[in-house]
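Here come two complexes built around subunit A, the first alongside subunit B, the second alongside subunit C.
And then the complex of A and B:
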């Protein structure tokens, strides 16, 4: 396609409808219209100009409002369907596998659950097609914005003061008639008073206000794109850390993915509302629902390896002591540690007495640390108990071998050998809670259970999210763009006066015509300009009358 | 009288003020013969003053309750829904200042009454905050959301007035069906209020044990005669209603029973109205909207959305994400409530694109405004009560 030269001499890009400079209609269709279409200032939008190559077709697809809205609606509907049944991340299955999840959905929700799983709604928001839809939305945001912004920007930059009369008299607000010779100066003064930027050229003026509001939609789309970019960036290594840290009371552990940092758990506590004293007002509610938790808290000390530490050095610097509570994460060096979970009363130690079965006489006590058990326990009289095997979470025998389900001391089992002066050859016994097996016949001695010690375990989440500032920026820009586009409007007046005193006036705004007319009324009164008409209202009135006549 | 008693009484005063104002607005609208809404007339002003008084007592309820509980009263179903009723009226008051439209009051106030009545069906005693809610973001996030929803609902009210005027009630059409469906669903809410109030007043209680989803034994108390029974239930309370149908473990038959009773009573009520009036409810309201300026209603519906949409974005997405990052360690987790906030936001984004890009004004725009309100109500009622998640309050 060729560039389009207007009679005024300005060269317009191919596909232009109204000359960027003088505003003449360049197409026949436009010339025959009663009012010019000012949506994008009659500029050449790529999507309206080219439709040949495959790239043109893709561009035109994504620049269409209809397609954009369809993508929004598709996202909206599928997101909503994803809430009908719980997402798999919120489903409790003993072992996380596809088969277990599939079975869960069909067992619990029947055939609906089966279909739901089959269609991938169980993990909708990570599914390929949902992410693809979001991607299409992002492309649409970019393409549709560029398609409109670039020509609009060019046109508003190139616009000149003096417009062709065919442009003026096809504006919605239009006036013509004679006026006093000083009308132009007065109008200019009044428009400046109303905060319009006025530029003049020969016998005409252009008054403009709030052009920046035209960029509002593009600014808010940029905000959204930055936000989506931030979300995408989390997949890059180093930008995002999400780790779980289980830490027992009294333990010190390295913080995963935070090199050099360790955390000590000084103590964990769950507090519930008592309904007494200041909480008396909650009495009625507490009676109805039972206990309500007031606070989950882990008191921690954060340590750091000194910068100049030699390899193997174990000295640690204390960074800070902090009570981690829900809503009050521990923050350091871009990381945050959250109180997320807990386990009350995990077994810490078990104490047994080496006892003669016949006489019930005890040779003394031994205490097994259930996290770091010792290999041997020696008694004052020389007796020794050897720990041959330790099964912290005993789950039964397989091929005669005791098994442990997890490394956590939920159900400890001990395979021991007891040697006393009386039984120097040793006796073997397998002990679990409230159960003792003696695999090689009756023993003379036993380990009699005495007591346990327990402690709490805190479930903490370690996070680092370096994309947050980007997401924040995106959100901020979006809000600015929305305010810019919605609460301001772009108003323009063109006024020309010929030598014989005839005035021609046109007005345009992208929205709020009421406000534009209010401005014009003031200018008209002050500068004694001819009366104006709202040509669109005239047209609508005529159409209505015609419709009434024909019916 | 304690602070929480004062608070409760102020809410009663607000409720009855709105009730009176509804009728006065109705009278003002019917009496407005000239058909111009700039000339609101004496009765419009009186109704507005009553509404304003009700709104002030409603605000009084809100802040005295804040004092009594020690936290922003936005933490459970009763508190949030009551506040939603308040912001809805607040939205109308702003619109009235700008446009002097009593007819919007005639629609907004009864809806606000229904919402407050619905709210009071939930436990209203002063309740303590769980750790996740102990944050100043409770006040910031939830109040912004509730204000945004109040403003957006005003748009739906304008849309409804528009539809009541333009939809021909004498000719069979999809529009006529759906408009009446809106009226019917409002009557259903009234049905819920009536049936809950009745069984609460009579103190109905029936205890059952049942087997839950995990296959464990559990107990439940019905406050209405059980139409639906829980999975493998055993009836413990004598002389109570035996359920008609036993449901699967995944269904909460107690909630289903409440829904069934509401449907039943609401439908009977609706049938009675139809029998007595011999007209559809939408047709009954027709005379009130005879003189409505359609262009003005369209303008109000749009204005409310361009104000409400940014506020909603701020409250329901931005503030929500900030708080979620602090409390739950992630700014977004696809929790059902989060998803429905996104759905609501996407819906209004689509509205704006259709209106500004495709020229959807007038009736189409009005329908969208009403659908937006339906989405907000779904998020409030169904997502809290049926789809469980982190935001479940009741």
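And then the complex of A and C:
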């Protein structure tokens, strides 16, 4: 493409629509239009002008708004697909492995789940292609903005006051006619009063207001880029922690991803509305909907180890005690621990009575702590129950050997030996819930189940997010850009007085033509300018009439 | 004029290349990070094995640093884990073969009760020390996910190798050989 020389002598970059200097239309298409295309001030978008090396080709690809919109649509569609089935981090599988996840998706969701997993949608938002799409959006934002911002900035910065009449009379707002000799001065005074910046040159003036509104979209894009940068930082180690910690009542656990910190669960509680006393006003509502939870709370103690302490050492220092409630996380050192989930009533202890099977006479009770069982349980009369084996989550026998499938007391099994004064040689028995096996023949004694105690499990989320200020800044800049572009307009008037006293006037704004006309009405009245027409409206009116005639 | 334009063009090409390269690098790095996020073995072969102090069943404290100068076969396990159970007897046999050659076995149980660990140890007549990670602190520090996981620590205290999953007796023998002091 060649440089384009205007009849005024100015040399324009290839692809320019309106001469940068005088505003004459440079292309034939443009010359035949009734109104000029003022987008980007008629400058050449840089991407359309150079198309040489491979870098330029890539650049031009991303500069295209069509490509940008396609990327956004692709992102929206894939983000939506990711919500059809739960993502893998929200799926409850006992042991996290690819095989377990695959089985989960096909078991729970059938063939759809199978396909979903096969296509990798189970972890869609972390897939390379999704991140690549977001990255392409970032490239598109930056490249497209640069390609448009730079020429627009240059063109607005180097605006000429005097424009060619063909530029003026193709503006949407246009007026021409005779006026008083002092019209120019009066117009200038009034425009200044209306807070326009006025520059004059020979017989003409240019009044301008709110140019910064033109930068709105670019400010907006800067905000988005900062936001995306913040999201990118989340993937770097140390910036973002989002871990789940299941902690049982009475347990003390190291906090994941928070080295040196340990948490103890003192107790978990779910409180519901009673509908009594001061809650009586809720009575009616409670009758209607049933139980309503008032509070989920885990009472915790936070411990910190001294700086030089080793993992596993138990010299913990109490930092604080705190009741973690929904939306009232435990906060420390940039971390926040939230109440997220719970499981009620996991087995904690089981109480049995050592009972003579024939007489049903009890020799007393024993309580087995399922979390920390003892080896022996002695009774007042000298009887002893010895625990030979403990299987917290009994899952059957293998080669005659009882098995446990998890370390949690979901289905406790005990292999015990009972010695009483009557049976000094001991009797062996294998006990599970509601089932007793006596492997060496009939016993005289049995452990009769009495009661259980349970404990709750609290599901906490450990979160740290060092990217929040960056995301906030990005969001703020984004909003500033939106406000800048939406609530302010760039208004301009060009006025020229020819030697014979005729006035030529053109007006342009990027939005809110009504506001522009209101300004012009005031100027016109004060300076006695010729009446103006809205040429866009004229054209529309004509087209409408033509359409009516032909129909 | 022409020279000026050429220079301008060159600059533009340079700028465009720089901007695109920077963005592609940022995206590449992000994808890399996300791909490796699942197995953030904070620990890698060649790192210093994090020191720890845990108590065994007799209440005796074992520090990893006590074994400096010797190879340490660090095995994380639980009684419910089937492959852990299978490899224990082999580990014990190889421990007895190598303990005089400066290779130690330290089995770290994940937060189970003394009773369970003791009866397991008795059942398999294990002769190496077993410590219990009551608060899962060491497990967190070593970022242990599946059980069993075995971390081979060489006499210099560096991680020689990380093995997840069940090992055969041949494997164990080879691993012990690899961390034997010179």
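We adopt the following convention: the second predicted complex is superposed on the first by the 343 of 551 C-alpha atoms of A that agree within 3 Å, B and C clash if a C-alpha of one lies under 4 Å from a C-alpha of the other, contacts with A are read in each partner's own complex, and residues count from 1 in each chain.
Note that in this section contacts are C-beta pairs under 8 Å (C-beta built on N, C-alpha and C of every residue); 3 or more make two chains touch, one makes a residue touch a chain.
Keep in mind the model is a prediction, meaning the values are calculated, not measured.
In the superposed model, A:253 makes contact with subunit C only, not with subunit B.
When the two structures are aligned on the shared chain, A:99 is found in touch with neither subunit B nor subunit C.
By the touch criterion defined above, A:461 lies against subunit B but remains apart from subunit C after alignment on the C-alpha atoms of chain A. When the two structures are aligned on the shared chain, A:358 is found in touch with neither subunit B nor subunit C.
In the superposed model, A:80 lies in contact with subunit B only, and not with subunit C.
In the overlay built on the shared chain, the residue A:531 is in contact with neither subunit B nor subunit C.
Of the two partner chains, subunit B is the only one touched by A:110; subunit C is not.
Once chain A of one complex is fitted onto chain A of the other, the partner contacts of A:499 are absent, as it touches neither subunit B nor subunit C. Looking at the shared chain after the overlay, A:373 reaches subunit C, while subunit B stays out of its contact range.
Against subunit A, the residues of subunit B that register as touching in their complex are 4, 68-69, 123, 125-128, 130-132, 134-135, 213, 248-250, 306, 309-310, 313-314, 317-318, 321, 325-331, 334, 336, 339-340, 342-343, 346-347, 349-350, 353-354, 357-358, 383, 387-389.
If you check the complex, the residues on subunit A that touch subunit B are 65-66, 68-69, 72-73, 75-76, 79-80, 82-84, 86-87, 89-90, 108-110, 125, 242, 273, 279, 281-282, 284-286, 288-289, 292-296, 325-327, 329, 336, 338, 340, 461, 463, 465, 468, 471, 475, 478-479, 482-483, 486-487.
Contact residues of subunit A toward subunit C in the complex are 50, 53, 55-56, 58-59, 95-97, 126, 128, 131-132, 135-136, 138-139, 142-143, 146, 232, 235-237, 252-256, 259, 262, 310-314, 371-375, 387-390, 392-393, 403-407.
Residues 9, 12-13, 16-17, 19-20, 23-24, 26-27, 30-31, 33-35, 37, 40, 50-54, 63, 78-80, 82, 110-116, 118-119, 131, 133-141, 145-146 of subunit C touch subunit A in their complex.
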